[in-house]
């Protein structure tokens, strides 16, 4: 699995990582997570370099980890700090690979590449997840599919009119104005329907559910799998600032070529304290993500087998623009990264 | 899996295919089946050419199918008839592969090769399945084994004296007269015991179960996996026309190299309206096919692993004649088909 | 899987093999075991050379085996003795591979190599298993791991202070005197703590559980996977002959590269008739072997994937000496065996 390395991936929700040793497969590797006594999160490969036991089967000793098989201890930098055997000398190679991690916006971000380049300023903006002006409801799930198929699903939102009908269906949506913009390593897809009936998912929260609204659906993608989806409705003629808006968080992290972890949330700007609105969001996430998207994405993976999407020559339609651009942009970034890491040919050295 | 292509395969019993979208893996491919409003059966690859979603997760729109992911529609010829996105233009390559299918003798027959050569006159004769002069009881099952191992089981019926003893056992059967005849792409194996005690499976239906009978067992094979098994007993000296006869239908269709679908039935010329005779047939099919043949054939597959039978150098006995001839005939047909489809070498072009 | 061939492997406990046909995968092969009417055990490949049916699905006919599919019979030498079909001639190649087996010390030993070299004098000494002066409690289990990982676990007993703490933990054990000796194809690792508190596992059986004892732990390895582990405690100053001693039997037999069978027992020289001591042993075997060793060894296998231990460059510590020597000795024996079996190069012939 060729992956982009010098980038931040989401490893978990912040609340999932605590003092106890937690293991999670990510990016094709078994990883160990925990927090130091001061709360700082730590990530390392979950495998002792001595006999390859999972360190997660050991225990915490202060901020260090002790292997449960033969007792070697490692600190948070991955260095071995104790060899209880024989003369106790510590081989120089006794190290576990660690990863830079940052706890931000309620998420644990992991840098998969060169630690020297791990700039937390590169973490995309998910501030809305912790905004006091929004009410956020989220969770996570497994997708038995390649992470790019999950991104495809997000970047081509025309599927809401079929897979998520009638709940998220919007009349005149498929022929609506649709722009795709690129800004460096991010893409944004914007759709607007100037006047339509609000989708069912907004109707309970509108003064007049049947009155015509302007409807918009914008999704912003950060490589390789972090998306923010803004959905809004506002009575026709009113400014968007007065509308009902939901910011959807959709972050997919690859595990294997056909297995991914998917973190999602919905942050709304209306009825912040209304438990009925919370329930409506949870019901939608269960139905839409678990019962509609997941079976479809996984069925697509099954039908594709080991095939690569573009090599399988899919028919491409107008609606595929954003998803295909995201795929090509990501492929170019991975290729560029591999090129830079290659040693210069001898003739040029 | 190298398969014969220009041949009819059985996809299902006719009653299994109705108006609703039905998916079934056959010949290494996911297939979609349904009937048009006029009852005509339709078969196509169960995969949308746009994003590879299973069409079976979509829905019927008249005689067409609408993909459940992004709403493309296809007609029964596999042509895309609706693109709901953007300007609605339909790419020329927007097609699903379809297969000629014929509903005959209570079975759905599927032509796997060049549609132009799909001559329904080539469907082998299974008229007995719908004959009013016979009573037919049948069903189907999965065999976790290569389809040729299932054919081997049928083409070497000497196993009835061991695997199906005592119910189908016949004294003097193994040393009995045994002929194998070939007629084009079909083989027939005929065994006769001039005088013996009828097997238990016939005894309840004979005036004198202990009187000596002539017993015969003929099996006709049509490539690649369609067999008709005629079993009969008649009091010694009487003509066969006066005997009790069962025509067994045994049709195996490959799915993968080690997974097959097996359709079976028994059509008898006696006690047509006797529910006890029906029960006797069902009991035998459950015991003989599900509890005796299936575990044995699947155990053979397990013991063979990925091996090819003839490459594994089995000991060949007199009784293997028909099965080995069927294997060699099928291999030659597949090779011939591949040869014809190959482009002529450049020097000859 | 490259295995040592000209060596005795343990196939089963003696009591597991009786008159009925018993199948067990060992050394990458399906094997059939049973006892002749005179009690002699028999081992052969569990696969008929005719159509590759498992012979274990057939039946005993005297001391012979009849295949359940088409009735061929084989004697205990593997020769076909009956072909019930056609003229009954028996092809010369109609043979099943058999293996020399010996019933000794309560175990069934199987010789995997050249039968002409199967010298029962080469069976390692496990006489203690049937000694009237000891009380033996044993059983067996599956390890979803390569057999060499199970041997590693045994040959590096430093893990008792971590994985088996506190029950088998011994103070000052890790820094204790430790010798590794080689004698031909066997290795012995000896550790002694001159004065310590007895491990919990011995305490209930000592007059004064808190009095200082000499503690020793010696393990002898016979290639490829037979170990005898002697553990003892004696009050400081007393001769070892007066001590409490347990002889542990630990025998691992490879099945596949990541699946093994593990036979274990504990033979003690104290409280021979005390059911509480029996219970203590059983409790320890359940806790130590099934709930501590097995999950750890299997997790190591998972973390290693298809990797070869030494190729993965583990950090090697003082405590790894015996295990690594056992691995290297075994690799050399396998290589030597392969070298001898190779035909001489033509130039030298």
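Brief remarks follow.
The letters A, B and C name the chains in turn, as written, and every chain counts its residues from 1.
Quick note on the criterion: a contact is a pair of C-beta atoms (placed from the backbone, for glycine too) under 8 Å apart; a residue touches a chain by one contact, two chains touch by 3 or more.
What you see is a predicted model, and the numbers here were worked out from it, not measured in a lab.
Taken as a contact graph, the chains are fully connected, with every chain touching every other chain.
Between subunit A and subunit C, two chains of identical sequence, the interface residue sets overlap only in part, with shared numbers making up under half of the total. Spacing of subunit A relative to subunit C, judged by their CA centroids, is 48 angstrom. Listed for subunit C are no residues, as none touches two or more other chains. Residues of subunit A touching subunit C in their complex: 30, 46-47, 49-54, 57, 66-71, 80, 83-87, 91, 93-94.
Contact residues on subunit B toward subunit C in their complex (touch as defined above): 152, 156, 158-159, 161-163, 174-175, 178, 295-296, 299-300, 302-304, 309, 312-319.
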